[in-house]
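First chain written, first letter: the chains are A, B, C and D, and each begins at residue 1.
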Amino acid sequence: MEIKLQNLTKVFQAKDKTETIAVNSLDITIPAGKLIGLLGPSGCGKSTTLYMIAGLLKPTEGKIFFGDEDVTEKAPEDRGIGLVFQNYALYPHMTVRQNIMFPLENLKVPKAEAMVRAQEMADLVGIGELMDRKPKQLSGGQQQRVAIARALVKKPRVLLLDEPLSNLDARLRLQTREEIKRIQRETGITTIFVTHDQEEAMSISDEIVLMEVGFKRQVGIPQDVYDMPENLFSAKFLGTPPINLFEGSIKEGKVTLFGGVIEKTKAKDIESCWIGIRPEGFLVDKEGPLELHIDMVETIGRDTSLVIKDEKNNTRSFRVIVDSSNRILPGDKVKFSVKPSKLFLFDKVTGEKLG
Amino acid sequence: MLEEKNNLKAWLYLSPALVLLAVFTFYPLFNAFYLVFLKDFNYLLREFDGYTLLGNFSYVVRNPNFKQAMINTFFIVFVSVPVSVMIALFVSVALNSIKKLQGFFQTIYFLPYVTNAIAVGMAFAFIFHQDYGLINTFLGWFNVNPINWVGTGASWGNAMFSLLVYTIWGGLAFKIMIFLSGLQSIDKQYYDAARVDSTPRRRVFTKITVPLLSPMILYIVITSFIGAFKAYATVVGMFGVGLGPAGNPKSMITMVALVYDALEHTGSIGAISEAAAASIILFSITLLFTIIQMWVSKKRVHY
Amino acid sequence: MKKLLVFMLSLSLVLTLSGCYSKTGETETEGVVVLAELPDEEINITFWHIYGQGKSELLDALIAEFEEMYPNITVESISQGSYTDLKSKAISSISAGNTPDLLVGYPDHFAEYLNGNAIIPLDLFINDETWGVDLTDFIDSYVEENSQYEGGVMYSMPYSKSTEMMVYNKTVFDHYGITLSNTEPVTWEELETYATQIVGDGEFQCDYLVNYDSSANLFINASRQWDGQYTNTAGEVLVDDANTVSMLNYMSGLFDSKTLALPIAWDESYGSANFLKGDVCMTIGSTAGIAYNIPLPGNVGKFGQFEVGIAPIPQKEGGVNSVMQQGPNIAIMSDTTDAERLASWLLIKHLTSAEATAQWAIDTGYLPVRYSGYESAEYQAFLDTANYDPDWKYQSMTANAAYAQVDFFQYDPAFANRVTSSDVRDEAGLALEAIFAKTKTVQEAIANMIAQLVW
Amino acid sequence: MENSIKIDKVSRRNKIIAKVFVYFFLVLFAVIILIPFYWMVLTSVKSMQDLTVTPPILFLPFDRWRLDNFQSALNAAPYLIFMRNTVIVSFLSTVGTIFTTIFAAFAFSRLNFKGRDTLFMILLSSMMIPGEMFVITNFITVSDLGWLGSNNVSQTYGDALKALSLPFMTSIFYIFFLRQTFRQIPNELYYAAKVDGTSDFKYLWRIMVPIAKPTIITIIILNAMGTWNAYIWPNLVTDNVNFRLVTNGLRTAYNQLSGQVIYNEQMAAALIVTLPLLIVFFLLKKYIMRGVSRSGIKG
């Protein structure tokens, strides 16, 4: 089931009539059978978008298509969606079985069949043994699986997950992430996954949609978005440690940083622009154009992380990750060159990629 | 959808309650607002002699007991409500903190609710008795001379103190029951978290229990205020229809007593309008305080 | 809030327009028609009273007798529990137009019902040739009480009347060689002299000489004995009167000398418990409450199971002899058909017949309402001091004391303006209590009483 | 190391002291609460003489217990009939109250509609008028509805039941109470149910009502208690003694003519009448105490 959002806009009106645009003219097409991560910092409109797709919020403008069908005006229950909440929203007074069977009840599925389907779904998510427990007797991870089973049991056309992992501890999060991926593959259901955690989104999604203040910033396969950020926001939001940003300039096709020409570009000349270099984009190179003063050195396994003071602004420092075979000590002065694929130029005003 | 106004549906859900309320609550209420403007209303014949804007109100205000009724009512409201809410809160929290005997204590605390009012009155007469009452016996251990709490010729202060004790006692069972059911639904993990942070007990109480219980506290405070403004049965229970200790009758009179006084002779010309006027004065005062409370609570109550 | 106001205003407007109330001046008093013959049709009448289990069984027996006499009349007798409940229910039922056919009540109740013309004058029935009764056979003061309303009309008939009597600790009195008559009243002044002997904490002494249960009765009746003013039928409060004040001053003196006490002396509403305990040697209360003043075997108190004597209540030497008459009367409601009225009247006539009133009096401790009731063989046997039925000894003594006071019976005027006669009564009682408790002087008590009633 | 053991010991001791203190406080409070109830039981088994002794008897030896007070109390009024009536009226008014209250509280807590806050304030404000003011008008209403019978037709049992229970089939007090509870249920549950195609009606009954069960049970108990203690209204609207409720029996049976009350028998009757309430409370108590698990749903 392909999902298409057309010019989707949501404006919230507060009691004092001030308006907030939570989602701004969003146009996205989500291919059938894929797992899409809706990624962005909190307040970017990702949850609002999800709720509009679910039908829990009504768009101010724009349309939502499931395949060729316009579902904009449809009630949530008629859209054929499954929704998993951040807090799981399990009914506390019902057992796991009753929770999973609840949506089937609404569809008037005969009880015997509903039992079978609930059990199948519980087995699929790996909680088949816990059917007679109440939610409070389950761990967070188990509750989470119940929530997924409940969302999937009615065989929805679309599965929507709202920050499903944020209440789990780190180890469980990793495990559940893979579990969700597996379940999605096995069911082949079009899935939208809202998260503010880039690592989570990158690792799980077939494609990510990056959002900021109600705008779509970039859509694509996670590695593509990482490798080819279309704007400053994309570049900044993805990657740990985050991308290093420097103020620099372009003159006659040459990118200059700290006085050294680090790269050639086809971009037009500009007085001042953002130069973004991923931490792993630096190469120790005796011939390199950049000579930097090393402040701190942390060696973690195969990588060495270098902390370097910004020459222009002493209060700021940035990170460089190099292979640990390079023996570098604090206080050293080291020369670097920059990998062209890890260097990005952005307009200072619009944030758009240059060149 | 969610944020949409469900006007029709909402009214449909409200209709069973509203129909009954319209007939048995709003109609009498607005009837009272109508009766208060009738001059010389004869309830028996349902006749009246023209209209009067303030005549019935002025009759109530001129009542020689009006001032005392106001003073007493305010005293009862502003002492008994805070004190009983506090006690009930502490008792419920203490009760909620134990495991053993919790149900046993809960049952005991509920008993006043099913105890016959006359028995309560008799027991309090015994508790406050000047010669052999519990309180004076207790004070006797500290060489305090017997105090005439509610007996013949008892002073206003002593009588009011006794009345307040009685009033507070009478309201505790209900409050504890409500608070306890509220406390039971607070997630234990908040307390676990607090323990991990080694939060002192008092801070747990003020920073976790009270905020999380705030909807129930608001409920209790508002309904108790309304109830306390209507204090009357407690006065009759303690002092009889004389509304005060013998020799000082009516010294414990309350606003509602003015209403009841007028209603004793509903067959007398104008008595109902007088009762309506007293009710409306009381109503206006209570409404004012409730609005203030709701307004203040908007900032304090956490849902 | 604005919306709330608009809502309220519009609703009250609707109520006004719906016209459920009318302006004064549209009622017409129905003429009372006495049917010459009792119709053959089934007649159901409803009778409201306040009697609990025991007395209502006696009443039901009398009613059964009546139903046998008039087979087409069915009487539904309903107890409303207490006079307060009966009255408030009657008022509501009058307003709603859903009244019983006849009911018992005090004169001030009837005065209130008369504000709605809700009870009918009975004169035509009383004087009817077929159905009438001889009014001169009824105790005069009862007839006066029931005809005190505007125009001297009889709006009700006396029914369960009682009065006050004085019970005393005969064991103590015998000790001092004082003999009190069962039928001759003592004077207040005599009581004062007894007090000098009896009041104290010795073996044959009490803390107080006499307790008066009803402070209101004391106020009202004593002011009459002192020839003082109290109220009048117009509802004026006249207690600021030289004789009334001097009565109060006298009573204040009795309080000081511990000759007289009110139950509030022991934080009680009635003095019987303290009489039994021996805190007080005499007590004045309703004739209907005699049973509470008789010590039972094993009585815990200073005097154990002492002997009891009964006497009329004290009078003022050289004053006006006066005794409170109390107890309910019975009236017919106006919202009734002629047939129902006649049936109701016949029931009243039956309940107040010489035999019925005598029997009722013997069984309940009330007093007969007719002279012929007193004179009936049954009642005379009951009064016969020579042949006491031991089980009825005290009831019989009570009746004798009461009978001796018949000529002194007085009632206080009933009215139901904004201030009703029962309000004045309550305030009178409270005033006397305040004097007793020494929270107010006589002058202050009078001034406060007037302030509470006239505003 | 030693220090930490010491601290551990101290904190353990503090904990025990705190526990002891809590129990002491609860026991003390229980005693204070129990005095009137004890007094009621004691009075009910005293003989008339023991009753009037000064100073009052605090502990009555068993051999002086007068259990025949209970026998006399039962004979004083047709309590079995009153009990039956009370049970029926309690049941009707409680069922009615539960339904109207649940619906209204749902609308006030979950649905968004024009004038919601204003209406709620109007409801609250009507609680501020003394009840007697309502009684007078309501009597006329009920009479106009023909439920009191008329001068020629006596009231039927059905009419009496209507008059006794209908005015109490809803309560602003409980609507307010339940609304407070409903508002604590997190919105996510509602969204989850919506996505599953649950209607508002079903959500209310399948999700909100079970979660608010302790509150609803509390309302049931309070409401039944209200009927059990009702006096003025039942007395006013019933014309047949056989239609009345227990409290009417309690009040009328002991209102002797001289105004003196037989306290021991009255207390015995009161105890008899209270017993069913206590049983109901014992049975339902665990539902109040069980509370709601709130793990997985944060408000």
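We adopt the following convention: a residue touches a chain if its C-beta (ideal position, glycine included) is under 8 Å from a C-beta of that chain, and two chains touch if they have at least 3 such contacts.
Keep in mind that this is a model prediction, so the values were computed, not measured.
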Intersection of the contact lists for subunit B and subunit C: D
Chain separated most widely from subunit A, comparing mean CA positions: C
Chain centre separation in whole Å, for subunit C relative to subunit A (CA means): 91
Distance between chain centroids, defined by C-alpha means - subunit A, subunit D (Å): 54
Chain centre separation in whole Å, for subunit D relative to subunit C (CA means): 38
Where subunit C touches two or more other chains, by residue: 1, 88, 92, 95, 269
Multi-chain contact sites of subunit B, meaning residues that touch two or more partners: 2-4, 26, 31, 43, 263, 266, 291
Touching two or more other chains - residues of subunit A: 55-56, 76
Residues of subunit C defined as touching subunit B within the complex: 1, 8, 11-12, 15-16, 20-27, 84, 88, 91-92, 94-95, 112-113, 115-118, 262, 264-265, 267, 269, 416-418, 420, 422-423, 426, 430, 433-434, 436-440, 451-452, 455
Subunit A-facing residues of subunit D, complex: 186, 188-189, 191-198, 202, 206-207, 210-211, 213, 292-298
Footprint of subunit C on subunit B - complex, ascending: 26, 30-31, 33-34, 38, 40-50, 62-65, 125, 129-130, 150-153, 240-242, 246-250, 263-271, 274, 291
Interfacial residue positions of subunit C with respect to subunit D in the complex: 1, 3-4, 7, 44, 46, 50, 52-53, 55, 76, 78-82, 85, 88-89, 92-93, 95-99, 101, 269-270, 272-273, 276-277, 285-286, 288-289, 292, 296, 298-300, 335-336, 340, 364
Residue numbers on subunit A that touch subunit D, as the complex places them: 51, 54-56, 76-78, 81-83, 85-94, 102-103, 106-107, 134-136, 138, 143, 150-151, 154
